[in-house]
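Look for chain A in each of the two complexes below; its partner is chain B in the first and chain C in the second.
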Partner chain A sequence: MAKIKNRIRRLRFDNNEMTQEELAKRAGCTRQTIIALEQGKYVPSIELAFKIARVFGVSLEEVFQYEE
Partner chain B sequence: MAPLQKRALYSLVIGLVLTISLIAVLVIQGDITAFDRDPNVRYVMYAVLIGVPLVYGILCDLTLRKPRQIDERDRLIIEKSSRAQWLAVIFLLVAWTIALTEIYHDEQQVPVAFLTLIFVSALIISPLAQSLGILTGYWRMNRNG
Partner chain C sequence: MSYKIYMLFRLLGILAIAFLGVWMGTTGNYWLIIPVVIIGTGVLFLLKRRVKEVVVDERINAVAYHASRFAYLSFVILAVIVGAILIVLNKNGSSEMFKIGLTLCFSVCALLVFYWLAYIYYNRKYGGNE
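Here is the complex of A and B:
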(Lines of atoms letter the chains of each structure in order from A and count residues from 1; the text may use other names and numbers.)
(Lines give C-alpha, C1' and ligand atoms only; values in the text may rest on other atoms or scores of the structure.)
Protein backbone atom coordinates (compact mmCIF):
# COMPACT_ATOMS: atom_id res chain seq x y z
CA MET A 1 0.00 0.00 0.00
CA ALA A 2 1.37 3.42 -1.00
CA LYS A 3 1.90 5.99 1.72
CA ILE A 4 3.13 9.54 1.83
CA LYS A 5 5.35 10.29 4.78
CA ASN A 6 6.78 13.63 5.80
CA ARG A 7 9.57 15.14 7.84
CA ILE A 8 7.73 18.26 8.95
CA ARG A 9 8.33 17.73 12.66
CA ARG A 10 12.06 17.16 12.06
CA LEU A 11 12.33 20.20 9.78
CA ARG A 12 10.54 22.39 12.31
CA PHE A 13 13.00 21.29 14.94
CA ASP A 14 15.92 22.01 12.62
CA ASN A 15 14.55 25.49 11.88
CA ASN A 16 15.01 26.97 15.34
CA GLU A 17 12.18 24.82 16.71
CA MET A 18 9.61 26.60 14.63
CA THR A 19 6.17 26.32 16.20
CA GLN A 20 3.27 24.64 14.46
CA GLU A 21 1.42 27.94 14.63
CA GLU A 22 4.21 29.78 12.85
CA LEU A 23 4.52 27.15 10.15
CA ALA A 24 0.75 27.20 9.66
CA LYS A 25 0.79 30.98 9.36
CA ARG A 26 3.61 30.99 6.83
CA ALA A 27 2.21 28.11 4.79
CA GLY A 28 -1.32 29.55 4.83
CA CYS A 29 -3.15 26.78 6.65
CA THR A 30 -4.45 26.12 10.14
CA ARG A 31 -2.43 24.70 13.02
CA GLN A 32 -4.80 21.73 13.11
CA THR A 33 -3.76 20.84 9.57
CA ILE A 34 -0.08 20.90 10.55
CA ILE A 35 -0.89 18.63 13.49
CA ALA A 36 -2.77 16.24 11.18
CA LEU A 37 0.13 16.30 8.69
CA GLU A 38 2.70 15.51 11.37
CA GLN A 39 0.60 12.66 12.64
CA GLY A 40 0.32 11.29 9.09
CA LYS A 41 -3.45 11.67 9.14
CA TYR A 42 -3.71 14.04 6.21
CA VAL A 43 -2.06 14.20 2.81
CA PRO A 44 -1.82 17.80 1.60
CA SER A 45 -2.55 19.17 -1.83
CA ILE A 46 0.41 19.78 -4.14
CA GLU A 47 0.01 23.50 -3.51
CA LEU A 48 0.22 23.22 0.27
CA ALA A 49 3.08 20.73 -0.01
CA PHE A 50 5.06 23.24 -2.09
CA LYS A 51 4.25 26.04 0.35
CA ILE A 52 5.50 24.00 3.30
CA ALA A 53 8.68 23.05 1.45
CA ARG A 54 9.21 26.71 0.56
CA VAL A 55 8.86 27.76 4.21
CA PHE A 56 11.73 25.42 5.10
CA GLY A 57 13.65 26.39 1.96
CA VAL A 58 14.02 22.81 0.77
CA SER A 59 12.74 20.73 -2.14
CA LEU A 60 9.42 18.92 -2.03
CA GLU A 61 11.13 15.52 -1.79
CA GLU A 62 12.99 16.60 1.31
CA VAL A 63 9.71 17.16 3.08
CA PHE A 64 7.48 14.49 1.59
CA GLN A 65 8.42 10.95 0.65
CA TYR A 66 6.31 8.58 -1.37
CA GLU A 67 6.62 5.01 -0.15
CA GLU A 68 5.16 1.93 -1.80
CA MET B 1 -10.22 22.23 17.96
CA ALA B 2 -10.30 23.81 14.48
CA PRO B 3 -12.33 27.05 14.07
CA LEU B 4 -14.72 25.33 11.66
CA GLN B 5 -15.14 22.45 14.10
CA LYS B 6 -16.07 24.93 16.85
CA ARG B 7 -18.61 26.63 14.62
CA ALA B 8 -20.12 23.28 13.66
CA LEU B 9 -20.44 22.38 17.33
CA TYR B 10 -22.13 25.71 18.15
CA SER B 11 -24.47 25.33 15.16
CA LEU B 12 -25.38 21.82 16.26
CA VAL B 13 -26.18 22.96 19.80
CA ILE B 14 -28.19 25.98 18.58
CA GLY B 15 -30.03 23.80 16.05
CA LEU B 16 -30.89 21.18 18.65
CA VAL B 17 -32.13 23.83 21.11
CA LEU B 18 -34.23 25.38 18.33
CA THR B 19 -35.70 22.02 17.34
CA ILE B 20 -36.55 21.09 20.92
CA SER B 21 -38.08 24.55 21.48
CA LEU B 22 -40.27 24.28 18.40
CA ILE B 23 -41.43 20.79 19.33
CA ALA B 24 -42.13 22.02 22.86
CA VAL B 25 -44.20 24.94 21.53
CA LEU B 26 -46.31 22.60 19.41
CA VAL B 27 -46.69 20.06 22.23
CA ILE B 28 -47.68 22.76 24.73
CA GLN B 29 -50.16 24.26 22.28
CA GLY B 30 -51.80 20.87 21.77
CA ASP B 31 -51.46 19.87 18.15
CA ILE B 32 -50.94 21.16 14.63
CA THR B 33 -54.22 23.09 14.71
CA ALA B 34 -52.51 25.54 17.09
CA PHE B 35 -50.89 26.91 13.98
CA ASP B 36 -54.29 27.97 12.68
CA ARG B 37 -55.71 28.99 16.07
CA ASP B 38 -52.85 30.92 17.61
CA PRO B 39 -51.23 33.70 15.57
CA ASN B 40 -48.26 33.72 17.99
CA VAL B 41 -47.34 30.19 16.97
CA ARG B 42 -47.46 31.30 13.35
CA TYR B 43 -45.25 34.29 14.09
CA VAL B 44 -42.72 32.06 15.85
CA MET B 45 -42.64 29.83 12.78
CA TYR B 46 -42.26 32.80 10.46
CA ALA B 47 -39.43 34.11 12.62
CA VAL B 48 -37.73 30.73 12.30
CA LEU B 49 -38.32 30.74 8.54
CA ILE B 50 -36.55 34.06 8.19
CA GLY B 51 -34.06 33.77 11.06
CA VAL B 52 -32.52 30.37 10.33
CA PRO B 53 -31.37 31.11 6.74
CA LEU B 54 -30.21 34.55 7.83
CA VAL B 55 -28.13 33.32 10.78
CA TYR B 56 -26.87 30.35 8.75
CA GLY B 57 -25.84 32.63 5.89
CA ILE B 58 -24.07 35.07 8.18
CA LEU B 59 -22.24 32.28 10.07
CA CYS B 60 -21.14 30.61 6.82
CA ASP B 61 -20.00 33.89 5.37
CA LEU B 62 -18.05 34.83 8.49
CA THR B 63 -16.37 31.43 8.59
CA LEU B 64 -15.46 31.25 4.92
CA ARG B 65 -14.30 34.84 4.63
CA LYS B 66 -11.50 34.61 7.14
CA PRO B 67 -8.64 33.03 5.19
CA ARG B 68 -6.76 31.75 8.22
CA GLN B 69 -9.83 30.17 9.78
CA ILE B 70 -10.39 27.77 6.92
CA ASP B 71 -7.87 25.88 4.84
CA GLU B 72 -7.93 23.12 2.24
CA ARG B 73 -8.50 20.38 4.82
CA ASP B 74 -11.53 22.22 6.21
CA ARG B 75 -12.88 22.80 2.70
CA LEU B 76 -12.57 19.08 1.99
CA ILE B 77 -14.60 18.33 5.11
CA ILE B 78 -17.23 20.94 4.17
CA GLU B 79 -17.56 19.37 0.72
CA LYS B 80 -18.04 15.92 2.21
CA SER B 81 -20.53 17.22 4.78
CA SER B 82 -22.85 18.51 2.04
CA ARG B 83 -23.63 14.88 1.22
CA ALA B 84 -24.94 14.39 4.76
CA GLN B 85 -26.89 17.63 4.35
CA TRP B 86 -28.86 16.67 1.24
CA LEU B 87 -29.31 13.07 2.38
CA ALA B 88 -30.87 14.31 5.62
CA VAL B 89 -33.23 16.64 3.73
CA ILE B 90 -34.24 13.85 1.30
CA PHE B 91 -34.92 11.40 4.14
CA LEU B 92 -36.87 14.04 6.04
CA LEU B 93 -39.09 14.73 3.01
CA VAL B 94 -39.58 10.99 2.50
CA ALA B 95 -40.61 10.67 6.16
CA TRP B 96 -43.07 13.57 5.86
CA THR B 97 -44.53 12.18 2.63
CA ILE B 98 -45.07 8.70 4.06
CA ALA B 99 -46.40 9.97 7.39
CA LEU B 100 -48.83 12.50 5.90
CA THR B 101 -50.02 10.06 3.23
CA GLU B 102 -50.73 7.39 5.82
CA ILE B 103 -52.40 9.74 8.32
CA TYR B 104 -54.52 11.77 5.88
CA HIS B 105 -55.10 9.17 3.19
CA ASP B 106 -58.79 8.73 3.99
CA GLU B 107 -59.48 12.46 4.17
CA GLN B 108 -57.69 13.09 0.87
CA GLN B 109 -56.40 16.42 2.13
CA VAL B 110 -53.55 17.64 4.34
CA PRO B 111 -53.85 20.68 6.68
CA VAL B 112 -52.15 23.77 5.27
CA ALA B 113 -50.07 24.17 8.46
CA PHE B 114 -47.99 21.19 7.41
CA LEU B 115 -46.59 23.16 4.49
CA THR B 116 -44.84 25.51 6.90
CA LEU B 117 -43.86 22.67 9.21
CA ILE B 118 -42.29 20.70 6.36
CA PHE B 119 -40.35 23.74 5.24
CA VAL B 120 -39.26 24.68 8.77
CA SER B 121 -38.14 21.14 9.51
CA ALA B 122 -36.13 21.01 6.25
CA LEU B 123 -34.64 24.37 7.11
CA ILE B 124 -33.55 23.16 10.53
CA ILE B 125 -32.38 19.69 9.52
CA SER B 126 -30.16 21.02 6.73
CA PRO B 127 -27.64 23.00 8.84
CA LEU B 128 -27.97 20.43 11.63
CA ALA B 129 -26.93 17.64 9.26
CA GLN B 130 -24.12 19.76 7.87
CA SER B 131 -22.79 20.46 11.36
CA LEU B 132 -23.01 16.77 12.18
CA GLY B 133 -21.28 15.96 8.88
CA ILE B 134 -18.47 18.41 9.64
CA LEU B 135 -17.95 17.03 13.15
CA THR B 136 -18.01 13.46 11.82
CA GLY B 137 -15.56 14.48 9.09
CA TYR B 138 -13.05 15.77 11.64
CA TRP B 139 -13.54 12.72 13.82
CA ARG B 140 -12.98 10.38 10.87
CA MET B 141 -9.95 12.30 9.62
CA ASN B 142 -8.39 12.30 13.09
CA ARG B 143 -9.09 8.62 13.47
CA ASN B 144 -8.27 7.17 10.07
CA GLY B 145 -6.41 9.92 8.30
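Here is the complex of A and C:
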Protein backbone atom coordinates (compact mmCIF):
# COMPACT_ATOMS: atom_id res chain seq x y z
CA MET A 1 0.00 0.00 0.00
CA ALA A 2 1.34 3.39 -1.03
CA LYS A 3 1.56 5.99 1.72
CA ILE A 4 2.66 9.56 1.99
CA LYS A 5 4.48 10.21 5.22
CA ASN A 6 5.65 13.52 6.57
CA ARG A 7 8.15 15.03 8.98
CA ILE A 8 6.07 18.00 10.03
CA ARG A 9 6.32 17.33 13.75
CA ARG A 10 10.11 16.91 13.55
CA LEU A 11 10.46 20.07 11.47
CA ARG A 12 8.30 22.06 13.88
CA PHE A 13 10.56 21.16 16.76
CA ASP A 14 13.63 21.91 14.69
CA ASN A 15 12.20 25.37 14.02
CA ASN A 16 12.21 26.69 17.60
CA GLU A 17 9.35 24.40 18.61
CA MET A 18 6.92 26.12 16.32
CA THR A 19 3.36 25.58 17.49
CA GLN A 20 0.72 23.90 15.37
CA GLU A 21 -1.24 27.13 15.46
CA GLU A 22 1.69 29.14 14.16
CA LEU A 23 2.32 26.67 11.34
CA ALA A 24 -1.38 26.63 10.45
CA LYS A 25 -1.49 30.42 10.36
CA ARG A 26 1.58 30.66 8.14
CA ALA A 27 0.47 27.87 5.81
CA GLY A 28 -3.09 29.22 5.59
CA CYS A 29 -4.96 26.25 7.00
CA THR A 30 -6.63 25.27 10.27
CA ARG A 31 -4.84 23.80 13.30
CA GLN A 32 -7.04 20.73 12.94
CA THR A 33 -5.52 20.14 9.50
CA ILE A 34 -2.00 20.27 10.94
CA ILE A 35 -3.04 17.78 13.64
CA ALA A 36 -4.55 15.47 10.99
CA LEU A 37 -1.38 15.73 8.88
CA GLU A 38 0.89 14.90 11.82
CA GLN A 39 -1.26 11.91 12.70
CA GLY A 40 -1.14 10.71 9.09
CA LYS A 41 -4.92 10.88 8.77
CA TYR A 42 -4.92 13.37 5.93
CA VAL A 43 -2.83 13.80 2.79
CA PRO A 44 -2.59 17.46 1.72
CA SER A 45 -3.01 18.91 -1.74
CA ILE A 46 0.15 19.80 -3.64
CA GLU A 47 -0.53 23.48 -2.95
CA LEU A 48 -0.72 23.03 0.82
CA ALA A 49 2.29 20.73 0.74
CA PHE A 50 4.33 23.44 -1.00
CA LYS A 51 3.10 26.07 1.47
CA ILE A 52 4.15 23.94 4.45
CA ALA A 53 7.54 23.22 2.91
CA ARG A 54 7.99 26.94 2.25
CA VAL A 55 7.18 27.78 5.89
CA PHE A 56 10.06 25.53 6.97
CA GLY A 57 12.28 26.74 4.12
CA VAL A 58 12.96 23.24 2.82
CA SER A 59 12.11 21.27 -0.30
CA LEU A 60 8.87 19.35 -0.67
CA GLU A 61 10.59 15.98 -0.36
CA GLU A 62 12.19 16.97 2.92
CA VAL A 63 8.70 17.29 4.38
CA PHE A 64 6.76 14.62 2.51
CA GLN A 65 7.97 11.19 1.49
CA TYR A 66 6.19 8.80 -0.82
CA GLU A 67 6.57 5.22 0.34
CA GLU A 68 5.26 2.08 -1.33
CA MET B 1 -13.76 36.86 16.80
CA SER B 2 -12.21 33.50 17.56
CA TYR B 3 -13.16 30.28 15.80
CA LYS B 4 -14.70 28.76 18.95
CA ILE B 5 -16.97 31.76 19.52
CA TYR B 6 -17.96 31.67 15.86
CA MET B 7 -18.86 27.97 16.14
CA LEU B 8 -21.00 28.73 19.21
CA PHE B 9 -22.81 31.55 17.39
CA ARG B 10 -23.24 29.33 14.34
CA LEU B 11 -24.84 26.57 16.41
CA LEU B 12 -27.16 29.07 18.14
CA GLY B 13 -28.00 30.66 14.78
CA ILE B 14 -28.88 27.33 13.15
CA LEU B 15 -31.00 26.36 16.17
CA ALA B 16 -32.78 29.74 16.06
CA ILE B 17 -33.49 29.43 12.32
CA ALA B 18 -34.78 25.86 12.76
CA PHE B 19 -36.94 26.88 15.74
CA LEU B 20 -38.39 29.91 13.93
CA GLY B 21 -38.98 27.85 10.79
CA VAL B 22 -40.89 25.17 12.68
CA TRP B 23 -42.80 27.75 14.73
CA MET B 24 -43.86 29.68 11.62
CA GLY B 25 -44.76 26.46 9.85
CA THR B 26 -46.99 25.33 12.71
CA THR B 27 -48.63 28.74 13.12
CA GLY B 28 -49.35 28.98 9.41
CA ASN B 29 -46.99 31.88 8.58
CA TYR B 30 -45.37 30.00 5.70
CA TRP B 31 -44.39 33.12 3.76
CA LEU B 32 -42.14 34.23 6.66
CA ILE B 33 -39.97 31.10 6.55
CA ILE B 34 -38.03 32.13 3.43
CA PRO B 35 -37.02 35.65 4.70
CA VAL B 36 -36.02 34.15 8.07
CA VAL B 37 -33.80 31.57 6.38
CA ILE B 38 -32.27 34.21 4.06
CA ILE B 39 -31.64 36.69 6.91
CA GLY B 40 -30.28 33.95 9.18
CA THR B 41 -27.93 32.68 6.48
CA GLY B 42 -26.79 36.25 5.82
CA VAL B 43 -26.06 36.86 9.51
CA LEU B 44 -24.08 33.60 9.70
CA PHE B 45 -22.14 34.62 6.58
CA LEU B 46 -21.28 38.02 8.12
CA LEU B 47 -20.20 36.35 11.36
CA LYS B 48 -17.93 34.02 9.38
CA ARG B 49 -16.24 36.99 7.77
CA ARG B 50 -15.38 38.43 11.19
CA VAL B 51 -13.38 35.37 12.21
CA LYS B 52 -9.69 36.18 12.01
CA GLU B 53 -8.51 32.55 11.87
CA VAL B 54 -8.79 30.31 8.83
CA VAL B 55 -12.25 28.76 9.10
CA VAL B 56 -12.44 26.70 5.93
CA ASP B 57 -9.50 24.97 4.33
CA GLU B 58 -9.03 22.05 1.97
CA ARG B 59 -9.47 19.39 4.68
CA ILE B 60 -12.78 20.94 5.74
CA ASN B 61 -13.81 20.94 2.07
CA ALA B 62 -12.78 17.28 1.74
CA VAL B 63 -14.81 16.40 4.84
CA ALA B 64 -17.79 18.32 3.46
CA TYR B 65 -17.43 16.52 0.12
CA HIS B 66 -17.47 13.08 1.77
CA ALA B 67 -20.36 14.05 4.07
CA SER B 68 -22.37 15.41 1.11
CA ARG B 69 -21.74 12.29 -0.94
CA PHE B 70 -22.73 10.02 1.95
CA ALA B 71 -25.90 12.03 2.62
CA TYR B 72 -26.77 12.08 -1.09
CA LEU B 73 -26.31 8.34 -1.56
CA SER B 74 -28.11 7.51 1.70
CA PHE B 75 -31.08 9.69 0.74
CA VAL B 76 -31.30 8.26 -2.79
CA ILE B 77 -31.20 4.63 -1.59
CA LEU B 78 -33.58 5.15 1.35
CA ALA B 79 -36.04 7.29 -0.61
CA VAL B 80 -36.20 4.79 -3.47
CA ILE B 81 -36.77 1.85 -1.12
CA VAL B 82 -39.36 3.63 1.05
CA GLY B 83 -41.03 5.21 -1.99
CA ALA B 84 -41.28 1.89 -3.83
CA ILE B 85 -42.68 0.15 -0.74
CA LEU B 86 -45.32 2.86 -0.27
CA ILE B 87 -46.32 2.71 -3.94
CA VAL B 88 -46.54 -1.09 -3.98
CA LEU B 89 -48.50 -1.28 -0.72
CA ASN B 90 -51.00 1.35 -1.88
CA LYS B 91 -51.55 0.31 -5.47
CA ASN B 92 -55.03 1.80 -5.81
CA GLY B 93 -53.43 5.25 -6.05
CA SER B 94 -55.89 7.11 -3.88
CA SER B 95 -54.25 7.10 -0.46
CA GLU B 96 -51.90 9.72 0.95
CA MET B 97 -49.20 7.10 1.34
CA PHE B 98 -49.23 6.45 -2.40
CA LYS B 99 -48.71 10.17 -3.02
CA ILE B 100 -45.86 10.29 -0.51
CA GLY B 101 -44.26 7.33 -2.27
CA LEU B 102 -44.57 9.06 -5.63
CA THR B 103 -43.15 12.29 -4.21
CA LEU B 104 -40.14 10.44 -2.78
CA CYS B 105 -39.46 8.66 -6.08
CA PHE B 106 -39.82 11.86 -8.11
CA SER B 107 -37.56 13.75 -5.69
CA VAL B 108 -34.90 11.09 -6.24
CA CYS B 109 -35.29 11.48 -10.01
CA ALA B 110 -34.92 15.27 -9.65
CA LEU B 111 -31.86 14.83 -7.46
CA LEU B 112 -30.26 12.47 -9.99
CA VAL B 113 -30.90 14.98 -12.79
CA PHE B 114 -29.30 17.76 -10.69
CA TYR B 115 -26.35 15.51 -9.96
CA TRP B 116 -25.95 14.70 -13.66
CA LEU B 117 -26.06 18.41 -14.63
CA ALA B 118 -23.60 19.34 -11.88
CA TYR B 119 -21.32 16.49 -12.95
CA ILE B 120 -21.29 17.73 -16.57
CA TYR B 121 -20.54 21.28 -15.39
CA TYR B 122 -17.65 20.31 -13.08
CA ASN B 123 -16.29 17.78 -15.55
CA ARG B 124 -16.01 20.57 -18.13
CA LYS B 125 -14.67 23.04 -15.57
CA TYR B 126 -11.83 20.71 -14.64
CA GLY B 127 -10.87 19.87 -18.22
CA GLY B 128 -12.84 16.72 -18.92
CA ASN B 129 -14.58 17.93 -22.09
CA GLU B 130 -12.13 16.44 -24.59
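In this section, the second predicted complex is superposed on the first by the 68 of 68 C-alpha atoms of A that agree within 3 Å, B and C clash if a C-alpha of one lies under 4 Å from a C-alpha of the other, contacts with A are read in each partner's own complex, and residues count from 1 in each chain.
Everything that follows uses one rule, which is that a residue touches a chain if its C-beta (ideal position, glycine included) is under 8 Å from a C-beta of that chain, and two chains touch if they have at least 3 such contacts.
The structure presented is a predicted model; accordingly, all values stated were derived computationally and were not measured.
Steric overlap between chain B and chain C is present once the structures are superposed on chain A.
Within the superposed three-chain model, A:23 lies out of touch with both chain B and chain C [touch as defined at top].
By the touch criterion defined above, A:11 lies against neither chain B nor chain C after alignment on the C-alpha atoms of chain A. In the overlay built on the shared chain, the residue A:40 is in contact with chain B alone; chain C does not reach it. When the two structures are aligned on the shared chain, A:32 is found in touch with chain B and with chain C.
On chain A, the surface touched by chain B in one complex and the surface touched by chain C in the other have residues 25, 28-30, 32-33, 36, 42, 44-45, 47-48 in common.
Partner chain C is touched in their complex by these residues of chain A: 24-25, 28-30, 32-33, 36, 42, 44-45, 47-48.
By the touch criterion given at the top, residues 3, 53-55, 57-60, 62 of chain C touch chain A in their complex.
By the touch criterion given at the top, residues 25, 28-30, 32-33, 36, 39-42, 44-45, 47-48 of chain A touch chain B in their complex. Note for the complex: chain B touches chain A at residues 1-3, 5, 67-74, 141-142, 144-145.
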